[in-house]
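I have placed the structure first, in the form of C-alpha cells, so that the comments after it can refer back to it.
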Amino acid sequence: MTAVSKISRRDFVETTAAGAGLVVATAAPIAAAEAPTAPRSNIHLTVNGVEHHTEVEDRWTLAELLRDHLSLTGTKIGCDRGECGACTVLLDGKPVYSCSYLAVWADGHAIQTVEGLAQKDRLHPLQEAFIEHDGPQCGFCTAGQLMSARALLYRNPHPTADEVRAALSGNICRCSNYNRYVEAVLAAAGRKA
Amino acid sequence: MKAFANANPRDVREAVTLLTKIHGEGRSASIVGGGSDLLGMVKERLVEPDVLVNLKAIKGLDQLAVDAGKVKIGGLMTLNTLAHDPLIHKQYKVLSEAAESVATLQIRNTGTLAGNVCQRPWCWYYRNGFPCLKNGGEICYSASGENQFHAIFGGGPSYIVHPSDTAPALVALDAEFRIAGPAGERVVPAADFFVLPRVDFKRENVLAPDEVLIAVHLPAARPGVRSAYHKELDREAWTHAVVSVAVVLEMDRHVCRSARIVLGGVAPIPWRLPKVEAMLAGQRITPELAAKAGEAAVEGARPLAKNAYKIPLTKAVVKRTLLSLAV
Amino acid sequence: MNTLKSVGHATQRIDAVKRVTGTATYTGDVHLPGMLYARVLRSPHPHARIRRIDTSKASALAGVKAIITSENCRVIWSTGDSKNKRYLFNNPVRFAGDAVAAIAATDRHIAEEAMRLIDVDYEVLPFVLDPEEALAPGAVEIQPGGNLSPNSRNERQPDIYRRGNVDALRTADRVFEDRYTSVHLNNAQLEPRVSVAHWEGPKLTVYASTQGISNCRTDIARDLQLKPENVRVICQFMGGGFGNKNQCHDFDLMAAVLAKNSGAPVKLEFTRKEDFVAVHGRWPTKQYYKVGVNRDGTLAAIQLRGYCGMGPYRKGAGGIAGTELYQCPNVETMVHPVYTNMAVSANYRGPAYPQGVFGIESLMDHIANELKIDPLEFRLKNLTRKYRDAIPYTSNGLVDCIRRGAEAIDWKKRWHSAGAGAGPLKRGVGLAMGCFSSSLGRSSAVIDLDSRGRYTLHVGVTDCGTGAKTTMAMIAAEELGVPLNQIEVVWGDTDHCPYSVGESGSRTTNYTGWAVIQAAQDLKRQVAEKGAPKGSDILTASASPEPAIKDATRYSFAAHFVEVEVDIETGRVGVLKYVAAHDSGRIINPLTATSQVKGGATMGIGMALHEELLYDRKSGLPLNAGYYGARVMTHRDAPEIDVIFVETEDAYGPFGAKTIGEPPIIPSVAAIANAIFNATGRRIKDLPITRDKILGALA
C-alpha cells in the first residue's frame, strides 16, 4: 500500500490564495474495483554477478526490472522503443536494449549493467577514459555507450575508429559528443594493451 | 503495456499446439522471436496479445546445420550470429551482408532471422495506428499522403514496402522456408512466401495465425557464385532500406551464367527482376551492361507523388552492385 | 600566454565520476516511498472541442488514485503561453497531443490502462498547419483574436525592425529575391520529460528536469498560488537541455496537483512520442528575402518577410535572426508569429538563428556565386562591423574566425566553381557565419569558508551537460586563488542555492560566473578584514550583481567551414571535413567548451540533412516522432569536428568569457547547405536537405 502523506486537502486550500486559480479535483474518493491481475512469473538471473530470485510481471521489460525493482537506475530509458540505446546492458556479454527485452526472457541469464563496471573503488579503464576525454556531457546516454564499448572490447580489444563507430551506432548521444566517445574508447583500448 | 502472459514452449509442436489452443479459446497470441519489434508494437497497442508465445526456449531452433549440401538455418538464429557465421559469410555473402545491415547491434543480438523475415511493415501510418488497411481499416493513407518511403512497384491497394533486409537476400538465394503448423510441416519457396496486397492486404506472407516459420533452407552453394547485398539507408545507421538490392551471380570467369536480382525497400514484397536477370545471362558484366541493367530495373515502376527519387536510386544501386561483383 | 591558474586549463568535470558510474541521480531515478505513477491522456485530433469526458470507468479501476481533467482542474500554466490563458487541460484542444487528462495510479501500467478507459467525446474542428495558410481569410481561428499572434509589443502586428529605407532596393544595381523554409524539429534530449512531486504539509517539493531551478520554483509557486518559500525545486542531474526548460512545465504542475489530490508522491512520466509531439520544438519558418547589391559587391538593402509557425500556444518568441551578420544601410525585417495546429514551438538551441542563418547565409552564398565573387571574400567585405551598423561590439573576432577557419580547411584549394567535376562523387566546400548575444545580467552566488579552509560554492545551476558546475568552481578557484579541489559546489536545489538565471540563452558563465567572482571578492575582503574563520565559524559571502554594458553590445561569433561529398546518383551526402571557429572570448574550460562546439555543430548537421517532425496534411497528425523517425545523428553520421577558439579580449564577463552553448549550431546548417551547393551546383532552399530533394534537383 502506498504511504499517504499527512496533509489533508483543507491544509492545501488554506495555503493557497483565496478565490480564483487553483481548483483541485473534487471527484468522490475512488472505490477500488477488482484488482487487475497481470500474469507473473518467477525468474532467476544474475546481475553484475549477484543472483536474484524474483517474481516479475510478464510484461515488465528488463529495464523496468533493473530500474524500478532492483534499484539499478544507472541504466536509463530514453525512448523505450529500441531507438536510442540509453538502456543498453549486456546479456551474456552481448549488448541488448533492455527496454525491448522482457525481464522474463532474462530468466537464467547473466546481465551486466553500468553499476558493475567499476571494481570496488577502481574505475574501469573505459570509465577513466570517458572522464579524461569528456565523453559524457549530459551523461544520460553514457551508461549505454559504456556498455556497448565494453562489449566491443571483449570481442575486439584493439578496434579502429570505424569499428568503434559501428559498434556504438546503436547508441544516440543528443549532446552529440560522438568524437569524444570514440576517442575515449580508443584510448581505453590502448590502455588495456 | 497491456497485461499478457509469456509462454515458453519447449518444442515446435508445443508452440503450435499452444497457438491453436489460445486461438480456439478466442484469445490472441503473438509469436516472439527476438521480440524487440513486437514489444514496440505491443506498447503502441498495434497488437494486443493475451499470450506471447516465446520461441527462445526451444532447443536447437537457433542452430545452423549442413544436410546433404543444403544449409539449414534455424529460424531463431540471431541476425548477429548469422552475419558472422563463417560458412554464410563465405558462401552466402548476400545473406551475411543483409543480416549485418539490419538496425543496430543491440537489435541484431536479439532479433532473429525468422523475425526479420516476418517483420510487420514500418509504414508510418500503420505504426501510428491510423485506421489503414493493415490496421483493419479501409484505405491506405500513404497513397495520397506522405509516401516518400513507400512502394514504387507492386503497390495497391496498400503501398507499404516490405521492411526485411534478409528477405530479398533469401529470395535471391532461392531459399526455402520450413513452416510448422497444426497439420505438420510444409516447405514453401522463398519467392512464394510473400504476399502482395492485391492478394491479401492484411498480411505480408502466407503464414496462418497458428503457423511458425521454423527454418530457412539454402540450396547447396555452387562454385562461381558471387553475391552481395547493398542497402541505402536514410542516415548512416539504423533505418530500414530506402532501396536495397540483393544480387546473386553465377559466374564463369568473367561471364555471368545466371543471375538473381531482388530489390528491397521498393515494393510490398521482395521484388525480383526477372527481365534484368535474363539480360545478364551469358554476358560479360561491363559498365555499359550494368547501366542498362539499372535502367531495366526500374521499368514498370509507378512512383507515388513523393517517391520518384527511388527510381534513380534504384538504378544506381543495381548498376553499382552488379559492377562490384563483376571484377 | 595564460597566466591564470585554473581558468583556461582543460579541466575534467567535477561530477564526472558520477556520470560514468551510473550513480548520478536524474529526475527519473528519484523513487519515493509510496510513489504513484502518472500518465497523460492526449488529444488524437489537431483541433477539437471536448463535449464530454467520462472518467468513471477509469476511476473504478483498482490502483487508480487521482484523475484530473479540464473539468476539475483549472490551473493556469502561465509559462505555457505568454499571450493567452493556457490551462493544464484546455478545451478546445488545439493540437494532436494537447493534454486532456492526467491519471495517477499505483503503477505505470495501471495508469496507462486507466487512460484507455477515459471516454472523451470530441467535436472535431477544422485545423491548419501552415503559418501562411493560417493567416489566409477564412482560416479557422485557433485563438480568440485571430491567428497572427501578438508581437513583442503585444500588438496584432508582425515584429518589425527597420533601419534606413528598403526603397533602396529600387535603385540597387542588382536585386536578388528568394524563399527559404525550415521545419519543426525536436530538442530530442535523451532524458524523457519527467517530474516527481511530493507534499510535506504546505511544502511542495518538485524534482524537475529543468535548466533553471529558480525560475521553475517561481513559476510553480505562481501557478499553484503558493508562497515561493513553500516550493522547493531539485534537479541534480539533467539528461540534456537544448532549450525552453528554464521554467516550469505543465507536467510539473500536473504532478503536483495529482500528488495533492492523491495524498502521495507522484512521478509523471512521458513516452518518447509525447516528448516529440507534446512539449515543443524549433519553430518552422518561411522566409522571403529581397537583397539589393551595389556594383562593388556591397549590400544596398535587405528585406525579409517571414512567418513562424508557433503551434497553438505562444510559448516561444518566434523570430528569424541572422540579417545582423551583415553590414547594410537599409534593412527591414517583418516577421509574423502565427498560431497553427501543429506541435508547440519554442526555444531550441540558438532559438531564432539556425533556421534564419540557413536562409540569409544561403542567399548570400547564392549572391556571391551570381556575382562571381569568392563567398569568403564576399563575407569579409560585408560582415558586421557594428551591431546593426550602429552599436560597437565589446569585441568581435568574426574576421579572425573566418581567416583561421579558411586556413584550416584550405579554402583556397578546395573551393571551386559550383558543381564542377564529373561525379558521381562530387566534393564541395561551404562556409557560414553565426553570432549570438553574449549578454550580462543578474544572477547570484554564495561562498562559505570554514576554518579548515574548505570553500563551499552555492550556485543555482543544474548543469544540463554544459559543464556549468565545473566552470563555476574554476571561476571561484581562480578568483580565490586556491586549487580547484578546495572548492565544493552545491547546486540544483532551491533550498540550498541562491537565484540563478538558469541555463538558457547561454547565460550561466556570463551571469552566474560574474556573481561567483563578486562573491569571491567579497569573501576575500571579509577574510582580509576579519581574518580566516576559526573553530566552528563560517564566513559567508554572497553577491547578486547586475552588470551592464555601456554604449556597446556584446556578441559571440563563429564561422564554420565544411567539405562534403555528394553522390549525385544516390543523393547521399557525406561530411568529409568540418572546421568550427569560434570567438567566445576567453574559454574558461577548453575541455568542456570544445565538447559544446563539437556537439552543436553535429546537431546542426542533423538539422541540415535529416530532422523534421513530419505531419500528415489531411489528418493533422504527426507521423515520425522519435529518434528513428527523426533520423537523429548517430556515431556513424558524425564527422570529426575540428574546433578553433579565437580568444578575443573582452573587457566584460568573467575573465572575458563570452557565450559558447548556443552558437555552435547556428552556422552549421547553412554551412552544410552551401557546401552541397558548391558540390552539386544545386541550391536546396527547403530544410531538411534530404536525398529526395537532392536527386530531384539533379534530375
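Labels for the chains are A, B and C, by order of writing; each one numbers its residues from 1.
Keep this in mind: a contact is a pair of C-beta atoms (placed from the backbone, for glycine too) under 8 Å apart; a residue touches a chain by one contact, two chains touch by 3 or more.
Keep in mind it's a predicted model, so treat the numbers as computed, not measured.
Peer 1: For the chain pairs A-C and B-C, which is connected through the larger number of C-beta pairs in contact?
Peer 2: Comparing B-C with A-C, the pair joined by more C-beta contacts is A-C.
Peer 1: Return the chain label for which the distance between chain Cα mean and whole-protein Cα mean is smallest.
Peer 2: Answer by centroid distance: C.
Peer 1: Find the geometric centre of each of chain A and chain B from their Cα atoms only, then give the gap between the two centres in Å, rounded to an integer.
Peer 2: Distance between chain centres, rounded to whole Å: 31 Å.
Peer 1: Counting in whole Å, what is the centre-to-centre distance of chain B and chain C, each centre being its mean C-alpha position?
Peer 2: Computed from C-alpha means, the inter-chain centre distance equals 41 Å.
Peer 1: Using mean C-alpha positions as chain centres, tell me how far chain A is from chain C in Å, no decimals.
Peer 2: 26
Peer 1: Mind pulling the residue numbers of chain A that touch at least two other chains?
Peer 2: Residues 36, 38, 57, 59, 80-81, 83, 166, 169-170 of chain A touch two or more partner chains.
Peer 1: At least two partner chains per residue is the criterion; list those residues in chain B.
Peer 2: 1-3, 236-238
Peer 1: Give the residues of chain C that touch two or more other chains, as numbers and ranges in rising order.
Peer 2: 109, 113, 628, 633-636
Peer 1: In the complex, go through chain C and note every residue touching chain B.
Peer 2: 109, 112-113, 424, 567, 569-572, 609-610, 614, 616-619, 621-624, 628-629, 631, 633-637, 690-692, 695-696, 699
Peer 1: Residue numbers of chain B touching chain C in their complex, please.
Peer 2: 1-3, 124-125, 128, 130, 141, 144-146, 148, 232, 234-239, 242, 306-309, 312-313, 315-317, 320
Peer 1: Can you tell me which positions in chain B touch chain A when the two form their complex?
Peer 2: Contacts found on chain B: 1-6, 35-37, 39-40, 43, 52, 54, 56, 80, 103-107, 109-110, 236-238.
Peer 1: Could you pull out which chain A residues touch chain C in their complex?
Peer 2: Chain A residues touching chain C: 1-7, 9, 11-12, 14-17, 21-27, 30-36, 38, 57, 59, 67-68, 71-81, 83-84, 86, 113-115, 117-118, 123, 127, 130-132, 134-143, 146, 164-166, 168-182.
Peer 1: Please give the residue numbers of chain A that touch chain B in the complex, ascending.
Peer 2: 36-39, 41, 57-59, 61, 80-83, 85, 88, 91, 94-97, 100-102, 104-105, 148, 166-167, 169-170
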